[in-house]
Amino acid sequence: MRRFDSDYLEGCLPEILEALSRSNLEQTPGYGEDPHCGNARRLIKEACGTPDAEVHFLVGGTQTNATVISSILRPWQGVVCADTGHINVHETGAIEHSGHKVMALPSREGKISAEQVKAAIEGHFNDANHEHMVQPGMVYISYPTEAGTLYGKSELRAISEVCRKAGVPLFLDGARLGYGLMSPSNELTLKDIASLVDVFYIGGTKQGALFGEAVVFTDTRLGKDFRYNIKQNGGMLAKGRLLGIQFETLFTDGLYLRAAGHAIRQAAKIREIFAGKGYRFLSDSPTNQQFPILPNGLVASLHAEFGFEDWCAIDGDHTAVRFCTSWATTDEAIKELAAAIPQRA
Amino acid sequence: MRRFDSDYLEGCLPEILEALSRSNLEQTPGYGEDPHCGNARRLIKEACGTPDAEVHFLVGGTQTNATVISSILRPWQGVVCADTGHINVHETGAIEHSGHKVMALPSREGKISAEQVKAAIEGHFNDANHEHMVQPGMVYISYPTEAGTLYGKSELRAISEVCRKAGVPLFLDGARLGYGLMSPSNELTLKDIASLVDVFYIGGTKQGALFGEAVVFTDTRLGKDFRYNIKQNGGMLAKGRLLGIQFETLFTDGLYLRAAGHAIRQAAKIREIFAGKGYRFLSDSPTNQQFPILPNGLVASLHAEFGFEDWCAIDGDHTAVRFCTSWATTDEAIKELAAAIPQRA
Amino acid sequence: MRRFDSDYLEGCLPEILEALSRSNLEQTPGYGEDPHCGNARRLIKEACGTPDAEVHFLVGGTQTNATVISSILRPWQGVVCADTGHINVHETGAIEHSGHKVMALPSREGKISAEQVKAAIEGHFNDANHEHMVQPGMVYISYPTEAGTLYGKSELRAISEVCRKAGVPLFLDGARLGYGLMSPSNELTLKDIASLVDVFYIGGTKQGALFGEAVVFTDTRLGKDFRYNIKQNGGMLAKGRLLGIQFETLFTDGLYLRAAGHAIRQAAKIREIFAGKGYRFLSDSPTNQQFPILPNGLVASLHAEFGFEDWCAIDGDHTAVRFCTSWATTDEAIKELAAAIPQRA
Amino acid sequence: MRRFDSDYLEGCLPEILEALSRSNLEQTPGYGEDPHCGNARRLIKEACGTPDAEVHFLVGGTQTNATVISSILRPWQGVVCADTGHINVHETGAIEHSGHKVMALPSREGKISAEQVKAAIEGHFNDANHEHMVQPGMVYISYPTEAGTLYGKSELRAISEVCRKAGVPLFLDGARLGYGLMSPSNELTLKDIASLVDVFYIGGTKQGALFGEAVVFTDTRLGKDFRYNIKQNGGMLAKGRLLGIQFETLFTDGLYLRAAGHAIRQAAKIREIFAGKGYRFLSDSPTNQQFPILPNGLVASLHAEFGFEDWCAIDGDHTAVRFCTSWATTDEAIKELAAAIPQRA
C-alpha cells in the first residue's frame, strides 16, 4: 500500500530524530524556556526579518488557531474567513468553543478577496443593527489555502491594507507555509508575509516535524500574555524543548524549505500524471496537495492499492480526491501511482 | 410620526398593566415559584394539550434561545438552522458565546426543508472526518420565520420526522407564535406544534407583554435542571411573578390570540395598500411583518413621517423595507400610511 | 403571613406603576435608545457627579455582573472577590460560564481588605509559575456586602489605591446601593463611590423597581462596545424604555434614597427587637438585612407566621436567619414580629 | 548544575527513542487510528483488567483534565476537588475557560476525604437555594496528590462509594500514577483504581515519555463522542501514533513501573538525606516529590549548584522546597546533593 492520504503519514525528518537523540539527556527547564527554544526563536526571527517579533511554539494546528484567535478577539467579536477555512470546517468548533463566531465568506478555490473583507467589515458597521450582530474582529486566511492555492502578492497586500485601515488584525495560518514558499507559483517571501500580516504561524506537523507550529507575532501587542493563553488552552508542552529542538533543526541549513521543495516536486509529478492522462482538477493547486477529479469506479479500484482522501462528490459519477506529498514521498510511490492511472475515457 | 418599526413600540396590553397594579402589594416568593407563575403554567399546558410538559418563563428572546440551546447541546455539537435564523444573524453571537456553532443552511423565504435537515445530519455522520467537524445536535426553526412566512403542516411534520428518526431534538422559536397561529395561512394549532417539536417558546415581548417568553418542554428530559441554566444565563428574574402575571393574563379569555388577530388584520391592510399600488414584496408574508420593495426615493421621503425598518438592498435603486403591526396598531396610522403611498411608477 | 424573606417580595413603588401607565401608549425605539433612557442616564450622571460616565441599563444582578466582568477580563484573567461575594456563591457559576475564575479571598463580615487585594495581586506576579495560574484581572466588592455591612471611606479608598497602582479595575456591585447610602453608618456619597471605583451599578430590583440595574462606567474605556456584550449576554431588553422609565422615576425627587431610607428605618426596628430581647447577630449590619441568631425551636415556630430565610447553621441548636426590609415593609408587620419574639432564655 | 526541579527535565526513556526511530518511516493513518495506538490500548486495558474500557491518548495533563471534565459536566455543574488540586491552582483557569467552576475543598496534605465530598454534595442539594449555586457534577482527585501523598485503599473506596451513591462520576488524575503504584506506601493496584473510579489517566509526560497521557474510561458512557471533544480541545495529535508508540513501549516488559521504581528509590535517598540531617518536611511524601523545609540561607546557596523549586514560604526564615526524581535521576546527582546539605543547626 502506497499512501498519499496526508502530509503526516510518517514520523519525522531524520535530522530531527538525530537532534532529539543527541539532546536526550540534557536537563532543561520546561515550558519553552530552554536554550533550544531560545535558539529556534532567534533563527525564525532572522528568517522572517523581524528582530522584534514574538515567537511561541505550540503542538498542533487547531490548538494554535484557537489560542491565537481567542487571544485577539473580545467576546462579541468573530473571525472573518473563507467558508472552506480550516477553522470553519475541520476543527470541531474549537473557535466557537472559545466563544467566537466564525464569519465565513464564500470562497473561490479556497481564497477570499480584499473586496469581500472590506464589504464584511464596512457592511457590519454601516448596519443600523450592528450591535445585534457579531463584530468582525480579525481576519483569518490560509497560505497555502485548504484547496492548495496561493494568494498573489497584490492579493495579500490588498487584504492587508483593508485590515490595517480598519484596525482589524490579519492572521495567516501557515500549517503548510513551506509548501507555499517553495511553489513555483509563489510570489511571496517569508519576509513579505511577516510584513503584511499581524500574526502567522509556520507549520511543522505537516512539514516533517513530529509535531509543532511556530507562531510569530509581528504585532507584539497582540501577543501580550500569550503564554497564559497557551497554558489555558492546554498547549504548554512540559518538555517544551521538543518544539525548540525541532524548529532549531528545521531552520538550520535550510532544512525547512529543502524538505518542502522535495514535496513540491513530487506533487508536480502527480499533477502531471493526472493532467497528462486527461483528468481535470477541483482546483489549480501549485502546492503539495493535488485534487484530481476521478470517475467513481477508478476511485474504488485505486483505494485497493493507494491511500488518498475522497474530498467531495462532483456529480453522481465523479469524485474529487486528494493526493498529498511530503518530504518522505518516494519516487517509487509516484511511479507505481503513474502505472495505475489509466488514460481518461 | 407613525411608527411601524417593530412590534414592541408601545408598553403593553392594558389588561397586563391592570393585572400588575392589582397584584402590586401581594407578597410572593421570587424566581418563578409564586402562584401566578403556577397558574400561568397550568393555563399554557392546557392550551398546548400537554399536561406533562415543563413550562419556564424567561425575559427575552436571545436569552431564551441561548439558554434552551445550551441546555441541550454537548460541547462539540452545534445547532442547525436557516441562514436567516435569528440565532445566526441578530443575537451578537450569543450561541457561539455558549460554545456552540450555528450551522446555517441556505433558506428560502426564511424556511429550511426536511430534506436539507436530513442531508445535514446524514452528511455529517457519513463523512469519514466527522469527528473533526461540529456534530449537528439539534435543529432550530422559527414560526413565523424572520421573513414572516409559515411552515405548512406537512413541512413541519416532515422536519419533525427527520429529527426524531435521527434522535436530534427540534426547537421552535415562537417569538411571534401568535401571529402565526392567527394568520389566515396558518395550518397548525398550538397542540400540533406541541406534538411535533421537543421544545418551543411562546413569545410575549413581541405580542403585547412588557417582556417575557414562555418555554415549553414537551420532551421533559431536555428540561432537566433547566432552572439552574436559567440562573446561570442571567435569566432568573427575581420578581418572577411579573412573568407569571403577564402570561396568566395573556392566556385568560383568549387575550393572546385576540391581540395577535388584530395585528394580523392590520398587517393585511398594509399588504393590500402596497400590493394594490403595484409594489412587489421580498417575501410572501401572511403574518404581522410586511416587506414591500420600494424605490429608494420613496423610502427616504416616507421616513420623514413614518417609522419602519430598511431591511436589505435589492438593487442600486430599490430597498426592501419592513412594516410591523401589533395589538396597538391603529386604523388611523394605517390610513395615514395609505394616503402617503403613491401608485408605483 | 408576614414576609421578610427578601427585598423583592412586592411589585414596585407606586410611582413606577404610574409612570408605566402614563407612558404606555408612547411609541419609542427599542433597546435603550428612547428618550426615557436618555433622561434616566442624565439624572444618574448628575447624581454621581460624573458627566462623562457611560450609563447602561440591564435587567438583573447576575446578568449585570456577568456582562460587566466579561467585558473587562481577558480570557486568562479572573476576578478577585470575597468568598461570600454574590458572584462566588449565588450566581450558579455565571462568571465561570463566561470563562473566568472567581478568585475568592477569605472575608470578614462580607468584606475584604486592601492588604488582601494587594497580596493577591503581588503574590501572583511574584510567583515564578504565574503563567500557570489565573491572572487577577479585576476586583469585585459589594456595597453593602452580602452580610449587610459597609466599607468605610478609608477602607474603600485603600482598595481603590491598590487597584489603581496595579492597573486592575475595581467594580462595585451596588444591588442594594441605596440601603448603604441611607444607613446611619454610611461614610460614602454616591460621588465618592463614583470617584473611587471604575465601574459600579445602582440596583433597582431590590430597591423598589420591578427590575433593573444601572451600570455606571466612570472609566469609559472599560465600557467600549458594552452594548454588544449586553446583547450577547441576553440582557438587551427589547422594550428598553421600561428600564429608562423606572430609573427616571427613581432618580426624580429623591425617590430612590427616600424609599431606601424607609427600609433602613424598618430594619433598625427589627434589629432593636432582637437585640433588645437578648439575641446576638451573625454580622453587625447597619443596612436593610438583619441576621439574628435564633434557637432552632424558635426558627421553626416563627416560620408558621413569618417569612424569612434560614441563612446558616451556627451550631447544632442555633441558626442565623435573615430578615429583609424594603420600601414596602409596614409598621404592622414589624409590630407583629415584635410581638412574636420572646425574650432570649 | 544538577537539576531536581521537575520530573520532566530530560527527553525520554531510551526505549522510546528507539521505538520512534524504528517506526519512523512507517506510513500510518493519523489521529490515533493507527496500529500502534491500537496495540497500546490493548496493553493498557490488559494492565487495568478492564477489557471493555475506552482508552484515549492526549498530549499533556492540563489538556487532558480540561477535555475529560468538559466531556462529563453539564454547563451548570462544577468539579469538586482539593484546594491544592492541579486544576484549581496550576492550569491558568483551563477548567473555568470551559465554563465550569472548580469547587475547591480544604485539603490535608493534598487529600480530601469521603466525608468532605459527601457534605459538599448533600449540602448542595439540601440548600433551599441550590438552583442559585453551582451543582457538584463530578469529583477530581490526584494520585499521587500534588503534595506527593497517597490515598489509602479504604480512603479511595470510601470516596468511590459516596460518588456512586450520589451518581457523581469520580475522576482520578494520574499524571504521576506510576510513582504512586511503586511507592512502598501504596495500597492500590492499577486494577483497584480502575474498579473504583469512573475515569482516570495514566501519565506519560512526567514518567519518561516525551509527552502523552492515556485516559481510561471504565464507565464508557462518559466517553461517548470523546474524540470530538479531544479535537475541539486541540488535543487530537495529527501523528497520533507518537502516543501509541510511546505507551506501547511503556507497557511492554514492565517499563512503565520499572522506570517509576527507579525514581522512587532515588527519592527515598533524598528524603533520607534531609531527614537524617534533621530537616522537617512539608508533607510526608512516599513518592517521587520531596518537600523538605529549609532555612532561606541554605535555599539561596543551594540554588547555585542545584535546580529545585521553591514551593511555599513557611515563615519569614524558612521555605518548603521541592526536589523531584525521575527515571533519569543518577546516583551521582544524589551523592552531590548529599554532600551539599549541612546538618540542621
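Order of writing sets the chain letters: A, B, C and D. Residues in each chain are counted from 1.
Note that in this section contacts are C-beta pairs under 8 Å (C-beta built on N, C-alpha and C of every residue); 3 or more make two chains touch, one makes a residue touch a chain.
These numbers were taken from a predicted model, which means no experiment stands behind them.
Residues touching across the chain B-chain C interface largely coincide between the two copies, over half of the numbers being common to both. Judged by contacting C-beta pairs, the busier of the interfaces A-D and B-D is A-D. One simple way to say how far apart two chains are is to compare their mean CA positions; for chain B and chain D this gives 49 Å.
If you average the CA atoms of chain A and of chain D, the two centres end up 34 Å from each other.
Across the assembly, chain C contributes 75-76, 91-93, 97-99, 131-132, 135, 228-229, 231-232, 236 as residues in contact with two or more other chains. In the complex of the two chains, the chain C residues touching chain B come out as 1, 3, 5-6, 8-12, 14, 17, 20-21, 23-30, 59-64, 66-67, 91-94, 97-98, 205-206, 210-211, 228-229, 231-239, 241-242, 307, 328. By the touch criterion given at the top, residues 75-76, 78, 89-93, 96-102, 128-129, 131-135, 309-310 of chain B touch chain A in their complex. Contact residues of chain D toward chain B in the complex are 31, 70-71, 74-76, 98-99, 131-132, 135, 225, 227-229, 231-232, 236.
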